[in-house]
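Everything below concerns the one structure shown next.
Chain naming follows the written order as A, B, C and D, and within any one chain the residues start at number 1.
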Amino acid sequence: MINLHGIFPPIPTSFKANGDLAGAEMQENLRRLSAFDLSGFLVLGSNGELIHLSDEEAVEVYRLSREAIPGNKLMIAGTGGQSTLQTMRLSLAAAEAGADAVLVLHPYYYKGLMTQKALVAHYHEIADRCPIPVIIYNMPANSGMDLEASDILAIAQHPNIVGVKDSGGNLAKMGAIVAGAKPGFQVLAGSAGFLLPALSIGACGGILALANIAPQKCIDIFNALKKGDLESARKDQLSVIALNAAVTRGWGVPALKAAMDHLGLYGGPGRKPLLPLPPEHLPILLNLLESTPMYP
Amino acid sequence: MINLHGIFPPIPTSFKANGDLAGAEMQENLRRLSAFDLSGFLVLGSNGELIHLSDEEAVEVYRLSREAIPGNKLMIAGTGGQSTLQTMRLSLAAAEAGADAVLVLHPYYYKGLMTQKALVAHYHEIADRCPIPVIIYNMPANSGMDLEASDILAIAQHPNIVGVKDSGGNLAKMGAIVAGAKPGFQVLAGSAGFLLPALSIGACGGILALANIAPQKCIDIFNALKKGDLESARKDQLSVIALNAAVTRGWGVPALKAAMDHLGLYGGPGRKPLLPLPPEHLPILLNLLESTPMYP
Amino acid sequence: MINLHGIFPPIPTSFKANGDLAGAEMQENLRRLSAFDLSGFLVLGSNGELIHLSDEEAVEVYRLSREAIPGNKLMIAGTGGQSTLQTMRLSLAAAEAGADAVLVLHPYYYKGLMTQKALVAHYHEIADRCPIPVIIYNMPANSGMDLEASDILAIAQHPNIVGVKDSGGNLAKMGAIVAGAKPGFQVLAGSAGFLLPALSIGACGGILALANIAPQKCIDIFNALKKGDLESARKDQLSVIALNAAVTRGWGVPALKAAMDHLGLYGGPGRKPLLPLPPEHLPILLNLLESTPMYP
Amino acid sequence: MINLHGIFPPIPTSFKANGDLAGAEMQENLRRLSAFDLSGFLVLGSNGELIHLSDEEAVEVYRLSREAIPGNKLMIAGTGGQSTLQTMRLSLAAAEAGADAVLVLHPYYYKGLMTQKALVAHYHEIADRCPIPVIIYNMPANSGMDLEASDILAIAQHPNIVGVKDSGGNLAKMGAIVAGAKPGFQVLAGSAGFLLPALSIGACGGILALANIAPQKCIDIFNALKKGDLESARKDQLSVIALNAAVTRGWGVPALKAAMDHLGLYGGPGRKPLLPLPPEHLPILLNLLESTPMYP
């Protein structure tokens, strides 16, 4: 059984100024972040702009990432497309490239047709053929749909579906998932904004944009709670909320990349239609970075 | 400074079969629940159907409740109407009747006009004249509006505004409130579905529909976390999620009242347009009550 | 059978600077607007701030309005509260005061419990006892709920329920209502923003905030379509869209009142928590009024 | 200047039972529908499942469709992807394949980042390089975002952006677009549910799922309004509302395909995760088809 405990940065995909993939820069980011006690990385999640890559580019990113991620750290690959066919293709390619698990965002374009029955059929077809474990991905801010706990529990019946990343931040729902799921099903917080609350009710870790720029703080929260030091975990949790909001819901991927640039990692541009962080936001972002010094 | 730590049931208002107030029955409920180590009660919140009462009836309920609630337990009175005028009138009447604090749901009918400026003016006018402390109430499922953390923090600047009950369940937002608020500002979970997550990041307690039918379980979660026994708190938290969902988001006030009837308290009917719990849901509710035995 | 064809302004309730009712000013507005070929008035709708009045004040407004509205024009009274009890009380009082019909906004506080069954029971109880016809009111921007066509058609089964005012602006839904309703059921547009589209598929008229400040334009659109002059109706319809947006979705009741003040009617303040129109919006509003000269 | 007046079916993409493209079947559908007085076709819109095709398949569908669509009918090609890069690639390929215009759904995955500035930059980059005219596509039910009238008007400043298909059904918004747009900007209704209301305020036609199964009815509504016979247009409009709802919002693409099968066109399956129309809905759909006989 794959062990998803701990902290995973959803590594942004690096692009050059002209929009081409910047593979070496991305690999360097992965290598430098691997110095931290992270459990692994998510490659091509929402922060990784999967949606902006061709399938060929996606496969290239899986390959380059696996090269750079040490063997003792997990590589989770984002592979969810709108069609079952594309999702299958990407999932098999990710496995082939050496990923340890796939993170599958549900289809959401035909929202009204994504009944529990359709979602279960989709996920189970992937899980049947995919040689590595499948993790469900719920991300309402991007998909415009919010999977119900009952949907997730129905999908999770399949033996090759091992966990869920929930980015919604509805902790009552997360509790319902933890309470209702099969033994060993692993729940991951999808944002550092609610890492401690998620861990408090049984999440096993988090896939956290913030872990790209403040890996140690995220690890500290995880470790503090693990050893029962709630006081310290809370203090760290509260200290990262403003910065986390800035690089997630607030200003998103462009802010995350600007912060990485500032910290000496490679941020670079997002792919269009993403625009660079508006210049008037940069000083606020830098101030948040300064006032919560986090990256060694 | 008023101390809002601990567990508060939002007591339902009791009605007779003909729709009239059933004051004696409500008082008896308050007396029986007072045997538990609760910090007090919320009277005329969403579960108390404030919205279904005339102002005269509301004042009568404040009076009857204060009679029944022991002096060592707090009485928080729900007083939020759509106009500042009505909210003021109810707040002064609640203070007069002996309430310890008022819980003020923001106006929400003219959603587009409820800017931060309008909300601050409304709350500060109430807080200026109300002789007892004011608690903000955010309840998106009913109001159709969701106060931002920044709105709540702006409103909370007033010295007579001492806390917030947040029923939204967005723990990232709750963290932002705890992290950003003035010293001593008290945050209350608005549903038992996320009590432990809320406590983990610094909420001081909860106003919980579930505390009407499972007071001891709610108290146990609170106490376990307080003494650092996260394991036990988590176990209890997970055990109440399904029942809590049934009497809140799922089937609401009619289910809560049906459960109270089953447990030997007075539930009775809600006021129309609320209909009784559909008969096909009753066995499921009773089963949830049985399988999580909670009321002594 | 009551005839709801034509244009009805939802007259704002007039308040003095201190927030008291300004009955004489409101009556004067009604008398002056009665010079136009309007079919009647809605008293205490959303623009009339029903929600900001005590029940006693509401009854006073019904009485004062009936005094001022000529006998050959209809008075429709807004009477929808959250409880069936309050709605009944207001509806009977409105009938007693001489209203010709009541406009009943559905209850919406307990959104999840407002099933079709609950809505039908509520409306039918009112319609059974109310001596004057009942009109359904759907207003999603304020209620946070959007009645389905099927809900409206089910409610409309009652013989004393004669029509619906739909402010949602979803014309596919309005078409479904017109297509599915009993013979003689009358559909009213709830905003001048879609008056012509609504008339094109069979609405019989409109209850339009804009008709308080541009009554003749609204009447012109109605009359042009009636006599088959679609070209002229379209020209007028397009000419009022920007102004209408400003006094409805854009800046709401305070903008409508500011425009009335500018036009020599009594606007005055809204009741708090409504704030006056922000000063920076006033020149834009006046410019819209100038560039679409409408009030004789 | 391209002329978008009239009725355009958004032709579904045909698939074989195994999920492969069924090009010949799709071409046969196009040829048979071309017997009607349609202005052209939309290829690879939402009903065409663009989102379920690889880019290579999309280009193949453009090519096959152009072969089958007569030269005197327009071919509009759906080309909107999440990245500007992919949208450009598909738009250039569609032009190369002989499309007359492209319909570009805006990016929507990073909803919070799709500011007016980002949307304008995206559309204008496409419009700069695309050799054929660009039509904006607003489709909130699928994208989870609803472009504002002001967004659409800002995007429409570009000389190569010639129109918008709006599927939202908010006629006040559509009026604001018609009223505010540059001369010659063409607005298309995105659903037959509000075709007549849209035409009444100045839309020039419609891209209508219903036109795949009831082309003549759609044409009749258009022609009746054009010659000023509002009565007849309204009668036809009301007659198609229930069937239209079934094949759009209600049961979507699978219902549309089932209806096509029933009518002797090729419907076939959608691509997974779309499931076939649930069998219990089929008799209702067939009954709607029977009771509104529409296809010769």
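As a convention for this text, a contact is a pair of C-beta atoms (placed from the backbone, for glycine too) under 8 Å apart; a residue touches a chain by one contact, two chains touch by 3 or more.
Just so we're clear, the structure is a prediction, and the values are computed from it rather than from any experiment.
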Mutual neighbours - chains that touch chain B and chain D alike: A, C
Separation of chain C from chain A in steps, with touching chains one step apart: 2
Interface sides of chain A and chain B: same vs different residues, half threshold: same
Inter-centroid spacing, chain D versus chain A (mean Cα positions, whole Å): 35
Interface hub residues of chain C, defined as touching at least two other chains: 249
Chain-chain contacts as defined at top: A-B, A-D, B-C, C-D
Contact footprint of chain D on chain C as seen in their complex: 169-176, 178-180, 191, 193-194, 196-202, 225, 228, 230, 233-234, 237-239, 241-242, 244-245, 249
Chain D - residues contacting chain A, complex: 19, 46, 51-55, 82-86, 107-115, 117-119, 121-122, 125, 141-145, 249, 251-254, 271-275
